[in-house]
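Listed below are the structures to be examined.
In the two complexes that follow, subunit A is the common piece, with subunit B as its partner first and subunit C second.
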Partner chain A sequence: MKASMYLWWARFYSKGKVWILLSPALILVVFLFLGGLGFGIAESLNYMPIIGLNDPNFDAYRAIFSDKGFYKSLLLTLHVAITPTLLSVACALAFGLVLRQSFRGKKVFTFLFSFNLPIPHVVGAIGILFLFSQSGFFARIGHALGWMDMPAEFPIIVNDPWAIGIIIEYVWKETPFIGVIVLAILQSIGEDYEAVAQTLGANRWQRFRYVLLPLVLPGVLIVSVAVMAFFFGDFVIPAILGQTYPAVLAVEAVKDYTHYDLRNHPIGVAQALVIAAIGTVLVFLYMWLNRKFVRSDG
Partner chain B sequence: MTHLVLNELSQTYSNTDKPALDRLNLDIKSGMLNALLGPSGCGKTTAMKMIAGILTPTSGDILFDGKSVLAIPAERRGAVMVFQNYLLFPYMSVGENVGFGLKMARMNKATIEKKVLEMLELVQLPGVQNRKPSQLSGGQQQRIALARALIVEPKVLLLDEPLSNLDAHLRDEMRELIRDIQRKMGITTVFVTHDQEEAVMLADKIALIFEGVLQQYDEPDVFYNQPGSLRAAKFFGGVNFLDGEYAANQMTTELGTFSAPRSSLDTGPGVLSIRPEDIEFGTTNDGDNTISARVNSHVYVGTYTKYKIDVNDFRFEVIAEANTKESFPDGSNVTIRFPADKIWILPKG
Partner chain C sequence: MNRIIRWFAMTMIIIWVVAPFIPLWLWSFSLRWRFPNLLPEVWSPRAWLYLLKPSSGVLDATIDSLVIAVVVTVVSVAIAIPAGRALGLYRFRGKRFMEFLILAPTIIPGLASVFGVHGLFLRYHLANSLVGVILVHLISSVTYATMVMWGVFSNYNPEFEEQGRVLGANPIRNFRYVTWPAIFPGIVVAALFSFLLSWYQYLLTLIIGGGKVQTLAMLLFNFARSGDRPVAGALSIIFMIPALIVLFVTSRYLTGENAAVSGLGGGR
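Coming up: the complex of A and B.
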């Protein structure tokens, strides 16, 4: 009896070892994440027995999807997620191609390029506010130089409808991040593939299009998904640099959640869950596209 | 059909003072296959890259049919390089890899497909066009790399160590395939290798390079019969050397004087060399070029026996074909003879 218990324990231990080792982390994940998610879902369904709400319903979701403002927010959020991702990837590729070559002052240039990596997003946002707002540095300089009668004539690129301020901040911050990865990929590829292509008659553009891009893109796609998912769910930068209405989904969700009227609470939570769901769908869509087109591209 | 000439071709990489390749002169007649032979790091790949146009020479010239091609960029030069590690594009099918050069030339799809099939036939890999390179063995990938180069009908074909990553039996097959195709298509070819046997079996002429400097540029048999230097002789498997003083067709050494009419020098200090298979040995001491010796050890290698023979403090290697010479036990006293017409006198040093 005792021996068999022992055996059972040994078998469990050897098979379940990983689980045992992971258990502290798992408990944390289960309680904080899944627990939070569960409470969130319950709240979004107006199900909160503690305060006497015992009949779950879809009122909050109905309210969201019947609100025109939600769709405006959604479009804006997609724009704020996708546009800077594409721009950052394009800039990162361009910088990567330049920085790969050897030239005088390359070290200094590389340093300047990756200089803002450790600077937090918030600091970048405040910097942009300082530089580009209508009462900002450039507006004042322009006024002082007589280009404008009033600083307020400076084009609206902060808190603007096209989210230019947000996009500038995102591209400024993420270009070096993606760029560093592009450089690492370029280094691992080396130059011989392009040399082969060149001796086979490929001109500069063809070498970029048919050799470099297909070699670099799969790796870049993976980071850009992560970056885009962050843009999609970010609250801080749109709160500082975005316009008030319509705002991105995250900002709208927080507005509702912190509204003095507690009835908006479930709507805020439901919105956050919708953001998470759309984000997840985007990531899967991206991965599918990646597998379908990039990996097997000719 | 292109006549390729390298004229004092040199390369000094920017981070060094010593040239990686120092004033290389070659003259490869149209349709010939020449080998660049030398140990790793002697500048072979550097030379190939300059011919291909993907590396600019520090000085010197490259001529195709008498005209300098230095001003012509690699993509229009017509010298295609096949790299040692194949470098097939991993994201393309095998067929797309082979057709790459024609696609770059904007040839129409149907023509490309037809030519791709022809090329796969030529390299004896029909039917693999839809596979991915990763699904092929190393030897097959090498053939695809070759097909990808041949499809554009290059003026000059540059093969950088195409056999060195292959197993022994694949190497023989691939070597014959290269030789056959090269003869059939008559493409002027430069073949890089660090293996002298490979060079001998394939090349019309061999350029032996040490540390960026051309040592000797000759037909293969010359490297065996009349190597230009002690180093060249050693690189081609020479093992028997004896210092001495040469004068009037006579080599005077510590082991006696040998008659030696064949020499790379007229007179002065030199090195007597003789190949292991050219040394005769037996028991009769019949005079000219013969010395007494003692068998140190021997190994039987199937078709021949390899002896180590001592003469005083000197040791010689002798190869005796198994069935033509009687065998001698270790420790037995023998005589060895250096036939005068087999001795080759090298310059000293």
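Coming up: the complex of A and C.
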């Protein structure tokens, strides 16, 4: 009896300890994150008993999905999330492959490469704006070199329909982030696998494609997913570097939510939730595609 | 061939790091800088002097940003240490679900929950207040800080605490002299991470603060869109100061190619 009591207590303590340790974080996530999501869902369904709205309906969602502008925004958002992710991964791999070689000044360049990790996106956006606008720094250099006379001759890169300005900023900021991870993985792998592949007759491309890439990709996958999820829901950079219409979904959602006409509130909230839903699906799809790609050729 | 590629890559890295900052500095010291000129026609410290004036609101915004970020950092780390310990050291039923729950805010953008949080805060009189802004900043800061501490505790050996206990240390002394030194580098990273996340936060502050709470990030965003390039340039440089401090600290604490530093890429 006594022994079993003791056992029970020991079990309770060892089990309970974990929950005591986790509880502050859980309270925060449950109340603020899940609470916010739940309240948002209710709001998007027009269900707010406190102010007398007792009949939930799908009006907000109907309004979104019947609006042609929404689909334009959605396509733009997908483009703005996926394109820079792939470009950043490609650039990061390229820089990683070069930086892992040993050469003079390697340390300095590795530090320089990671320099803009903690630099804020906004500052990057302002820098890109000053560089690439039609009267920007590059346009002035183009003029000095005699390539152009008027600002209007410089290609529209900022606030443009193809979101080039946004993409440049994202690639500029996230390439080093993914690149540092690539570099860390490459260094932990070493060069033994490649040496083996080489003695087996694999050429340069084959060594990269069938030896290095499958080893690097799982790590790259995790960071690039986080990066893509960020792009999908980002507001600040598209607001500074994007065109006015159609804008990215996040910008549209904020526009609706902060609209003076309160009837637009539920539409803004619903839009934010749709962004979250599509973004989550996109993340899982991306992970699934990458896994398949790695496995089938590994 | 290899050499040429390397030279090209190194040149690209230099351009990558330097290019966006050149026009920021030049604009911040210019009074007039019309199109074809490569350098400002009239140099002036006007933008910098303007930012120093109380009427520009920069001083107040800096104080607000600092107060919010420091509180968020302290609370995040205090929450992340036990949470990271639970996830990194113990196996328990429901662990996967807890991991998923705590990591969810990294995948689902803050935009999705912030409108609902705003609705909740309006009811409990937390909207348009500093406390409300701090609470909403905590969501992402705690998530990222927990990720860092989770990694730290995955490589942590609790048997040293056992030894401390055997040698007669009480739990407080044990934490102070055994656990704390072992996890300190991780705590530094988690703290820097939380600070930057809060310092850079724009959207959540806008929605929850409702314009009543003015942080430096909000001021900078407004100037970025206003078209006053000298002021936007100068304020950008001020806004980056914590990032530069972080670079300096991390390069000393976490020497060389430490993957932990890369976590700071989350500086949004």
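Assume the second predicted complex is superposed on the first by the 272 of 298 C-alpha atoms of A that agree within 3 Å, B and C clash if a C-alpha of one lies under 4 Å from a C-alpha of the other, contacts with A are read in each partner's own complex, and residues count from 1 in each chain.
In this text, a contact is a pair of C-beta atoms (placed from the backbone, for glycine too) under 8 Å apart; a residue touches a chain by one contact, two chains touch by 3 or more.
Please read all numbers here as calculations on a predicted model, not as lab measurements.
Subunit B and subunit C, once both complexes are superposed via subunit A, fit side by side. When the two structures are aligned on the shared chain, A:Ala63 is found in touch with neither subunit B nor subunit C. In the superposition on chain A, A:Ile189 makes contact with neither subunit B nor subunit C.
Once the two complexes are overlaid on the shared chain, A:Leu78 sits clear of subunit B and of subunit C alike. Note on the composite model: angle subunit B-subunit A-subunit C, taken at the C-alpha centres, equals 90°, rounded to the nearest 10.
In the superposition on chain A, A:Leu87 contacts neither subunit B nor subunit C. Once the two complexes are laid over each other on the shared chain, residue contacts for A:Leu53 go to neither subunit B nor subunit C. Of the two partner chains placed around the shared chain by superposition, neither subunit B nor subunit C is touched by A:Leu221.
When the two complexes are overlaid, the chain among subunit B and subunit C that reaches more residues of subunit A is C. Per the superposed model, the minimal spacing between any CA atom of subunit B and any CA atom of subunit C is 16 Å.
Of all the residues in subunit C, the ones that touch subunit A in their complex are 2, 5-6, 9-10, 12-14, 16-17, 19-24, 27, 35-38, 78-80, 82-83, 85-87, 90, 92, 98, 101-102, 104-117, 119-120, 123, 135-136, 138-139, 142-143, 146, 192, 196, 199-200, 202-203, 206-207, 217, 220-221, 224-225, 229, 232-233, 236, 239-240, 242-243, 246-247, 250-251, 256-257, 259, 261-262, 264-265, 267-268. If you check the complex, the residues on subunit B that touch subunit A are 49, 52-54, 73-77, 79-81, 83, 85, 87, 89-93, 96, 100-101, 103-105, 148-149, 152, 158. Residues 15, 17-22, 24-26, 28-30, 32-43, 48, 50, 94-95, 98-99, 101, 103, 105, 107, 109-131, 135-137, 139-141, 143-144, 151, 172, 174-177, 180-181, 183-184, 187, 225-226, 229-230, 232-236, 239-240, 250, 253-254, 257-258, 268-269, 272-273, 275-276, 279-280, 283 of subunit A are the ones touching subunit C in the complex.
Residues 192-193, 195-203, 206, 210-211, 214-215, 294-298 of subunit A touch subunit B in their complex.
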